[in-house]
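Which chain is which? They are A, B, C and D, in the order written, and residues in each are numbered from 1.
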Amino acid sequence: MKKINVTVWNEYGDDQKEKAVKDIYPHGMHITIAEFLNKDESIIAKTAVMQDAEHGLKEEVLADTDVLIWWGHMLHDNVEDYVVNRVTDHVRRGMGIIFLHSAHKSKPFMQLLGTSGSLGWREAGERARIWTCEPSHPIAQGVPNQFAVENEETYSEPFGIPQPLETVFISWFSGGNVFRSGVTFQRENGRIFYFQSGHETYPVYHNEHVQKIITNSVKWAAPVIKVNSLDCPNIQQLEKI
Amino acid sequence: MKKINVTVWNEYGDDQKEKAVKDIYPHGMHITIAEFLNKDESIIAKTAVMQDAEHGLKEEVLADTDVLIWWGHMLHDNVEDYVVNRVTDHVRRGMGIIFLHSAHKSKPFMQLLGTSGSLGWREAGERARIWTCEPSHPIAQGVPNQFAVENEETYSEPFGIPQPLETVFISWFSGGNVFRSGVTFQRENGRIFYFQSGHETYPVYHNEHVQKIITNSVKWAAPVIKVNSLDCPNIQQLEKI
Amino acid sequence: MKKINVTVWNEYGDDQKEKAVKDIYPHGMHITIAEFLNKDESIIAKTAVMQDAEHGLKEEVLADTDVLIWWGHMLHDNVEDYVVNRVTDHVRRGMGIIFLHSAHKSKPFMQLLGTSGSLGWREAGERARIWTCEPSHPIAQGVPNQFAVENEETYSEPFGIPQPLETVFISWFSGGNVFRSGVTFQRENGRIFYFQSGHETYPVYHNEHVQKIITNSVKWAAPVIKVNSLDCPNIQQLEKI
Amino acid sequence: MKKINVTVWNEYGDDQKEKAVKDIYPHGMHITIAEFLNKDESIIAKTAVMQDAEHGLKEEVLADTDVLIWWGHMLHDNVEDYVVNRVTDHVRRGMGIIFLHSAHKSKPFMQLLGTSGSLGWREAGERARIWTCEPSHPIAQGVPNQFAVENEETYSEPFGIPQPLETVFISWFSGGNVFRSGVTFQRENGRIFYFQSGHETYPVYHNEHVQKIITNSVKWAAPVIKVNSLDCPNIQQLEKI
C-alpha cells in the first residue's frame, strides 16, 4: 500500500523555544506531531519550519506531500505570500491540509475558506471537553464519545467560517463557552480539516485522543487524485451532439 | 403587508395539566407561545391540540397555515399517521415548520429529516447557555451573543440529524454537555427550524430571548411560495431544442 | 481485507420479464448488476427480489449487508412498510444504500430524504451525456469527464430532493433537459448515493462507465461503522465537570 | 422601507467599447444593468468602473453599498489587491455580492470562495437553456421553469467551486454541455450569488428573465446586518458560569 507523505509545518517562533514550551515539546511541536504520526505504519511524516529556505515549503516538497499540517500563531503575517499561494494551489489540486489551533488566522486558512477566522479567546487554562457529533466520521474512529483536555486555551463562538461540510467535534469549556472545534471543508480536489485543541503551553499533543484524531484526519485528507493544473480550457464542441 | 398565519400545536397531555406545569403555563404552552407571537403585528397565531378532531390539523387548517409550530413529548406515537403525512406534505409544498424541544422524536421531524433524532438527555435543572454561531442569520437578530436559561433539561451530542443547512445556535450545559440547539433545514419548498430550549417544567417560553428566537424563526420560515402538488409530470419535448 | 457485502434488490415485476427487457437483461437487472460487481475482488454481491419472503430483506440479510442497491419502478407501493422501516433503520445505523433510476419514488428514498423525489420525465430514447462535476470524488475515479448513453429515459429538473452533500454528476439530455443525476447524502451513519441512468428498456447497465460508477459508489458507501441502536440514552452527569 | 443601495461595477475595457458590444450596450453593460435595477422601486443602483479612482470603490462607496454587482473578464489581473481586499472585507461584514458571467475568475470571487473558478468554455453562440432547480428560492420567483437564451458563450462543468449552499439554476447548452449557472454561497455575514448568463457580445442583459433573476438576487443578497469589524476579541470569563 502506498504510504501517505505528511509534512508537519510549524512557525516555530522564539516563544516556542522558551522554557515553558520546551519542557513540553523539547524539539518543537512539529517534532512531537511527526513522531506520533510516524508510529502509524501507513504514514511517513517529515517536518518543515518557517525559518527554512522558502519556509521549508519549496515546490518539490509540496509536490511530494499528500497532507500538510499547519501550526502557526504569532507569526502569521511573516509567511510570504508566494509560499501561501503555492500551498493553496496544491490544496486545490488535491493535497490535504490540517489546520491546528491558532492556524484559524493563518494566511492559507483564510485564503482557502474566504472568511476571517475570527473567534473569541482567553488564556485561562480551562478544562475543555471535546464532544463527537458524527460518530461514524472517519476522523472520529477510535475516539470516545467525549474526552477532556485538562487545560486548554478557550476558543468561543461565533467562529468566522463558512458552514462546514461536516461538524465532527464541538468543544465545551469550563468557563461557559462552546466552539466548533473539529470541522471539515473541501476546496476543489483538496480536503481540509480544522482542529482546535493544541495551545503551545499545554501538553495537548501528548493526549492519546488528540493524537488519534490528527492521525485519522491525515488518512481522511489524503488525496484521491492530484491534478496538474486548474486552468480554464477552451473546449471544442462535441463531435456528435 | 400580508400577515403570517401560525398554528401552534401541542400534544397537551395529562402531564402538562399537572400543577408543576400549570403554575408556569396555566392554559398550556401553546397558549403562551401564541400569546407572545401575537404581540408581533406581522403574525396571527392560533392554536391546536392533539385532542381536537384530526388533532386540530384538518386539511383546511394546514392550507391556511404559513408556519406550524410543533411541541410534543410523551405522546409522539399517538399522532395518527395520516395527519403526519398531511403535515409533511404541506411542508414540502411550502409551509414552514418549527420543532420545539422534545419534538426531535416526533413523527413529522423524523419523517422530514430521515434520521432518528437520537440524543443524550437528563433532567437535572442545569444552566444552559445558548451561543449564537451565525450572528447575521435572520433568526439571530436581536438575540445577544449568548444568554443563559437558568434551568433546562440537558440535551447532548451526538444529535442524530443530517448536517444542518445552518447551525445558528449551540448550547453549553453546566453539567458538561454541548448540543446543536438551533439548526435549519429545507425540504423542497418548506423551511424547517429546530430549537432545543423549552422543557415543560421550566418557564423557558417566558424568556425574552427565547421568545425573540421563536418569533424570528416564524418570519424566516414563512413560505416564499406554496405549490399545489409535487407529482412527477410526464413532460413533452421542447418544441425548439 | 474484509470484503464488501452487497445485496442488489430489484422489484422484478412482470414488465421486466417481457421480451424487450429480457433481451437486454435475460435474468433481470439485479443479476447483471451483481455480475459486474462481483468482478471486483473487494465485493461480494448477492441478489434479492420483491417476490422473495419479506421481499428478500429479512433482518439477517440486512445485518449481513454493507451496501444495498435498490431498483424499483412500477411496484413502489407494494413494498411492505415494515420492510421499508427495517431498511432505513439499517441505513441510519451504517449500511450504505444506492438508489438507481426510478428509485427516486421508492419508499426508502422518500423516507430517508424527507422529500417527494418529484421530477419531470419522458420516454423518448434521447441521448444522455453524464458530466462529472467533482473529478476528485471517489465515485468519479476512472470515469471520463463526460460520456454518452445513447438512449435513456429523460429526467428533468426541478428534482425534489434536499440540497445534496455533493453533486457528483449532472446529465444533459438531447431533448433540452438537465438533471442532477449523481448526488450524495448522509443520514446519520449511512451513506446514500442516487444515480439516474438505468431505464429497463435500454442496455445502460452494460455500459462500462455506468458499471464503474456503481462499483465506485459501493466502495464509497461501505460503512465506516455500524451501530446497534439509535435510542435516546438517559445519561448521567459527568463525575468531574 | 429602506431602499437597497446597489453599486454595479464593470471593468469596462476597450473591448467593451467596440462596435459589436456598443450596439448592444451603448454606454456599457453596467449602465444597462443599473437601469433595469432602478425600475424596481426598492432599489437604488449606481455604477462604478475600473478606470475610476480606486476603481470607483473607495471606502465610502462600499460603506454605502448594500449589494455589489461585479462584471469583469479581460482585466481581472489589473484590479488592485488593496481594492480586492476592501471588497471582500465588506462582504464578510455583510455586503452582498453578485458575480456575473466571467467574474468566476475575478480576484474577489476566488478570494471569497477559495477555489480556482476553473471551467471549460467556447464562444460558439450556442443556445442556452436555464433550468430552475429550486422553484421556491427567492431568486427564482417569477422566473419560468426554464427559459432559453438564444446565443451565449458556453460554460461547462467541472466548475471549480466549493459545494454551493444552494444550486438554484443549471444551464443546458445546445453543444452538449451543462453548467451550474446560478449558485449561492455565504461568507460570514455576506451573501454571494454567481450567475453565468451574460457574455458581452450577446444581448443577454436585455432578457426579461435574466433581469428578473438579477433583481431578485439583489434583494436576496441585501444584508441582514453589517458588522464593523471581524477581529478576535480577548473575552473575559463569564461572571456566573
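Here is the rule we go by: a contact is a pair of C-beta atoms (placed from the backbone, for glycine too) under 8 Å apart; a residue touches a chain by one contact, two chains touch by 3 or more.
No experiment lies behind these values; they were computed from the predicted model shown.
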Between the pairs A-C and A-D, the one where more C-beta pairs touch: A-D
Rounded Å distance between chain A and chain C, as computed from the means of their C-alpha atoms: 34
Whole-Å separation of chain centres (CA-atom averages), chain A against chain D: 32
Chain A, residues touching no fewer than two other chains: 129, 135, 156, 163, 165, 174, 176-177, 188, 238, 241
Pairwise touch network: line, ring, star, complete, or other: complete
Complex contact set, residues of chain D against chain A: 88, 92, 105, 111-122, 124, 156, 160, 162-163, 165, 174-177, 185-188, 230-238, 241
Touching residues (chain side chain A, partner chain B) in the complex: 129, 131-135, 145-146, 156-159, 163, 165-167, 170-173, 176-178, 180
Footprint of chain B on chain D - complex, ascending: 94, 129, 135-138, 141, 148, 165, 174, 188-189, 223-225, 227, 238, 240-241
